[in-house]
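Residue numbering begins at 1 within each chain, and the chains themselves are lettered A, B, C and D in the order written.
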Amino acid sequence: MSSPAETDRVVTYVDALLEGMAQEMRLDDDVFVFGLDVDDHKGIQGSTLGLVDEFGADRVFTTPLSEDAMTGVAIGAAIAGMRPVHVHIRMDFLMLCMNQLVNMASKSHYMYDGQVTVPMVVRAMIGKSWGQGAQHSQGLHSLLMHIPGLKVVAPSNAYDAKGCLTTAIRDNNPVIFVEHRLLYYTDAYVPEESYTVPFGRARTVREGGDITIVGVSNMLVECLRAQELLSEEGISAEVIDPVSLVPLDIETITASAARTGRLLVVDNAWTNCGASAEIVAGVMERTDRPIMARRMGYAPTTCPTTPVLEDEFYPNPVTIAEKAHAMVRPHAADWRPDPERAKLAYQAQFRGPF
Amino acid sequence: MSSPAETDRVVTYVDALLEGMAQEMRLDDDVFVFGLDVDDHKGIQGSTLGLVDEFGADRVFTTPLSEDAMTGVAIGAAIAGMRPVHVHIRMDFLMLCMNQLVNMASKSHYMYDGQVTVPMVVRAMIGKSWGQGAQHSQGLHSLLMHIPGLKVVAPSNAYDAKGCLTTAIRDNNPVIFVEHRLLYYTDAYVPEESYTVPFGRARTVREGGDITIVGVSNMLVECLRAQELLSEEGISAEVIDPVSLVPLDIETITASAARTGRLLVVDNAWTNCGASAEIVAGVMERTDRPIMARRMGYAPTTCPTTPVLEDEFYPNPVTIAEKAHAMVRPHAADWRPDPERAKLAYQAQFRGPF
Amino acid sequence: MNGPSSIDVTVRLYRSLRLIRRVEEVVAEIYPSDKIKSPVHLSIGQEAVAVGVCDTLRADDVVSGTYRSHAAYIAKGGDLKAMFAELYGKATGCAGGKAGSMHLIDMGHNILGSSAVVGTTVPIALGYAYAIRRRGEDRVVVAYFGDGATEEGVFHESLNFAALKQLPVLFVCENNQFAIHQPLEKRWATDRLCERVETYGISAKKFADSNVESIRTHTQGAIAEMRAGGGPAFMECVTYRWREHVGPGEDYDAGYRDRTEYEAWSDKDEVARLGAALGENRRADIDAEIEQQIAEAVEFAESSPFPAIEELHTHVFAG
Amino acid sequence: MNGPSSIDVTVRLYRSLRLIRRVEEVVAEIYPSDKIKSPVHLSIGQEAVAVGVCDTLRADDVVSGTYRSHAAYIAKGGDLKAMFAELYGKATGCAGGKAGSMHLIDMGHNILGSSAVVGTTVPIALGYAYAIRRRGEDRVVVAYFGDGATEEGVFHESLNFAALKQLPVLFVCENNQFAIHQPLEKRWATDRLCERVETYGISAKKFADSNVESIRTHTQGAIAEMRAGGGPAFMECVTYRWREHVGPGEDYDAGYRDRTEYEAWSDKDEVARLGAALGENRRADIDAEIEQQIAEAVEFAESSPFPAIEELHTHVFAG
């Protein structure tokens, strides 16, 4: 994955998260990390591994299985001036935190007219593959995007993972930090020193003139592969990574879509009232040029466990390329890239159980 | 409010709800209603009043303040073949139910491959006015719309309130039943006998050629007033009530928008990833005609308590008419109807405290 | 805290009890004028729970409460003018008019923002207490909540966590025996709440009649232990709400409770009892001061401006 | 239930214990082949809790469990072929391949669907029990959950509601002393769980070592009372998970627990103990039957087809 860093140090997403976390903890004694299993020998797939040894059990601790109260604890600590990072190994568990996130975290700064700030980060991992199934695979970021006062960020690569985590921790608002588990072992150039990635600035990862493809979180990776396959067919796709979903750089996306006349938004989530709906609607409101717009995301079903159905549940480079092709060349014969050529390294690598 | 009933019996929204509920309880012994305060002397603003006398405390009961577990109880009873109606006097409290609704209710039929069904209704009232403020006024229906397996319905008038409640109770799926508190004392022609209103069929409430206005829940009422004001200016607005949000009759909306070339969606909710985003995106995906699309909803802020700010927080007939006018006549001078003429009976009537 | 002489304590307790009582009576009087456009949940009858506990607190101690928090706000020393202005929805309110009665806050007096969603503030109090402990301070946090809140799962999660981490939190259950119109019998399987709390290793004490001095004395001991590094403690204070659940009126005709209950409680009214103990003159002086203070606060609220429309968009995000 | 002769009971208990043990060992053997593409949480070592309770149940009684539910599923008589096929993701699975190991279900045998989100199934069991009570039936519902689930607020809400409504629910806490890799000390303020449960008016009993006969005998009494109209009851069964939290392996080298713990538990292994009590011949016959049954189930799973692609879209909504 390309990234704008001036370094030749290649680091995985998971190590980038860990490094960013450790650096902020060294810089600011008020930063702490907690949540189920952050201090065990697996350390949230490695992303918190060793932190307890360096920073001690006061700053790195597991909790009882009490997501609702623990979210309140994060809010209270944040109000007291600390900077908690609350970790969830599956985003699905955020459903237990909704009352605190929606009714308290998002609203406190406003409702109390600025008397308090709530600088907290909620790390939430999206699962996939190996039969994670209905309740361990959901990307539910749009639920949080709906609520004013919450920021939502979904880094697609190691560089952004570290930089966004740093930005998130320093931000004075609750930030929902969306991670996709399949990205954990992807790598990128990542500077060793601390740096921030600004929220609200989309990144144009590939330039192109025929169609604008927006990929959210891991779908960016899938879109990039689709872009390669499309380019072999002579179709030039512009690929955009929104990086942060709230604030959202809708202007960059709109400008691109207005130029290409076609917009395909691919999210690792359902499309109904999803981030993809927001991006399409946001673009449509901002331009009077006719734009052909489509969304891709999860099938409108619960996620099944068996691989034969699970494969159909998600967009992938083949279906993305196929859809983009049909948008650009509506009158051409159907085209579908060879599935073998569309396999992503990160998918092949992944192996259960976990 | 016009409605297609052949009756001259005028009934309020709240009485329609009560009547629909009682009729279903008489018809089917498996129907029961529970939730905080359904059996007290206020009876959820009257919508459950007297039910406990007719049907007894086994079928009409209050609960401890335990929304999470009570949602599970509804699911379990539904799986056992009953038809629970779980009532929440504020939709904001659904945030405590999200784990059960998102991870269990929506998924059980699918995840267990049809071995169980979950015929339950969750009645959730949206509050407004009199300083309901940040945590007692939210319309959070889009959060539920995002999740496959949940139906979401938002009747805008007494006729639909009764008919949709009947449909919801008889439906074999979890149905989120969105009520707006300000609608409770609006009335409509409502047949005495039991009847159903089908889900997934939008109603074109006013026909017009210049612009398509979609109003969700109580916003339909506000849109109708805007339509009247617009028509005095010679602008003919088609006003559509989606009635149910999942399933959504996007075809009717798309056909109208394609005809008028303009689409304004007004929701009693935030727009970001909201029902309004979904409707705009859904229309855009279905037509290649250029359509000017806009959304209106809550200001992108937490709801403030003081009336001077609260008034600005919501769309109203003035702002809706103004926006529609600007869409239809982009080059005309700004126009804004007299606010006095835009007051709605239902708003004037309403008086705190509660 | 060195013990002040007993009469000073009584004066202080009475002043606080009486101030709360009168503030809320004045709110109730103003309410029908529609100047206060926000649901109000009055604590009239319950003042002793706020006062008995808060009297023992230092200024840098923290309290956290519910939508029924006028009493705790005042007892902890919250700004009265800012409170009235907030009820009026004015720019000078403690939250610029954005909060209303249900979300009072005064961080200058270490009063955490209250919430209209039952139970939500309890774990937030824990988080604040975690920060206190982490920083090695000897401050404490008092978390007020109603009997209804104890039915929410988050309450139990909070008890367990507070005990596990030995956080300096004093849990105070204001058990007014009703959640809206529902009596305990329809919500609690048993009334063995204190016993349950003790199974977490948290010392728990029940006060059958909210005597302000018993509450105060017990709190002093509990908080002293906490400052010395002890863990959380719990108090269940049985009390009675004299007015309707929300709004200014009485509702003994509604059928869910009986006026004789009220009469029994009003016979042991702490405001009256302490007032009588002070003697007529001293009491009258205090009362006059209180009326003056309230009149000034009301006048402040009346004469303050509403917030500018632009305020709608401020403080959505912190910079 | 008339008491069958003691040897019959032992045979039945052994058969069930052994079947569960062997099924899971076979799952563990198959797992590295990647034929089972779904996280599996094995109950090896914990079988007695499933068997001791379920042995007392009627066919029309109901059980509800967690993602670690192979044991309860089998003990309650769930279809073994359908279970293996489900693990294989096949169309013939108990949920057509959509569920996998974490969401087993067999409504034909009154096994409610299990869930991968800790604690979620507990209130659902209550809802089922409410329906039973409403219909005047004398069936009961057994709700299994782990020690970790007791930390979730919903568990407490459920205890209170079950006791308040006197629902026919037997709560069974499978306390294997860990949640993933976290020991009780890092999660529970105290271990006074049963005492806490009793404050709801629910009778509670702790079993220190998951002896299958003690569990069975106690359950019989508890359920008889429930059928007669009694309210809920609670059991905490201390036990030990021999394998890793998820997956087929052991993990004593991971550092979070010690192999000596395992050894102490395996010394009192109920499968071995009951097997020995039966005598060699009888045991061998049963074992052979079990191997046969498992082999058939595996063969069924292997030879079954995957679901058709169209199945992705079925059962999103019920007709």
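Structural remarks
What we mean here is this: a residue touches a chain if its C-beta (ideal position, glycine included) is under 8 Å from a C-beta of that chain, and two chains touch if they have at least 3 such contacts.
From a predicted model like this one, the values you see are computed outputs, not experimental measurements.
Common partners of subunit A and subunit D, by the touch rule above, are B, C. The centroid of the Cα atoms in subunit B and the matching centroid in subunit C are 36 Å apart. Subunit B and subunit D have centres, each the mean of its CA atoms, that are 42 Å apart. The centroid of the Cα atoms in subunit A and the matching centroid in subunit B are 31 Å apart. Residue positions of subunit D touching 2 or more other chains, listed in rising order: 93, 97-99, 103, 115, 117, 151-154, 157, 160-161, 164, 186-188, 316. Those residues of subunit B in touch with two or more other chains are numbered 63-64, 66, 68-69, 92, 95-96, 99, 103, 110-111, 133-135, 148-149, 300-302, 304. If the chains shown are joined wherever they touch, the resulting network links each chain directly to all the rest. On the side of subunit B, the complex with subunit A involves touching residues 68, 92, 95-96, 98-99, 101-103, 106-107, 110-111, 133-135, 138, 140, 142-143, 145-149, 246, 269-278, 280-282, 284-285, 288-295, 300-302, 304.
The touching residues of subunit C, counted against subunit D in their complex, run 151-157, 159-164, 186-190, 192-193, 195-196, 199-202. Residues of subunit C that touch subunit A in their complex: 93-99, 103, 105-107, 112-113, 115, 117, 120-132, 134, 153-154, 157-158, 160-161, 164, 314-319.
Against subunit A, the residues of subunit D that register as touching in their complex are 31, 34, 37-40, 89-90, 93, 97-103, 115-119, 148-149, 151-153, 179-182, 186-188, 246-248, 254-256, 306-307, 309, 311-313, 316. By the touch rule above, subunit B contacts subunit C in their complex via residues 36-37, 40-42, 62-69, 92-93, 95-96, 130-136, 299-302, 304-309, 312-313, 351-354.
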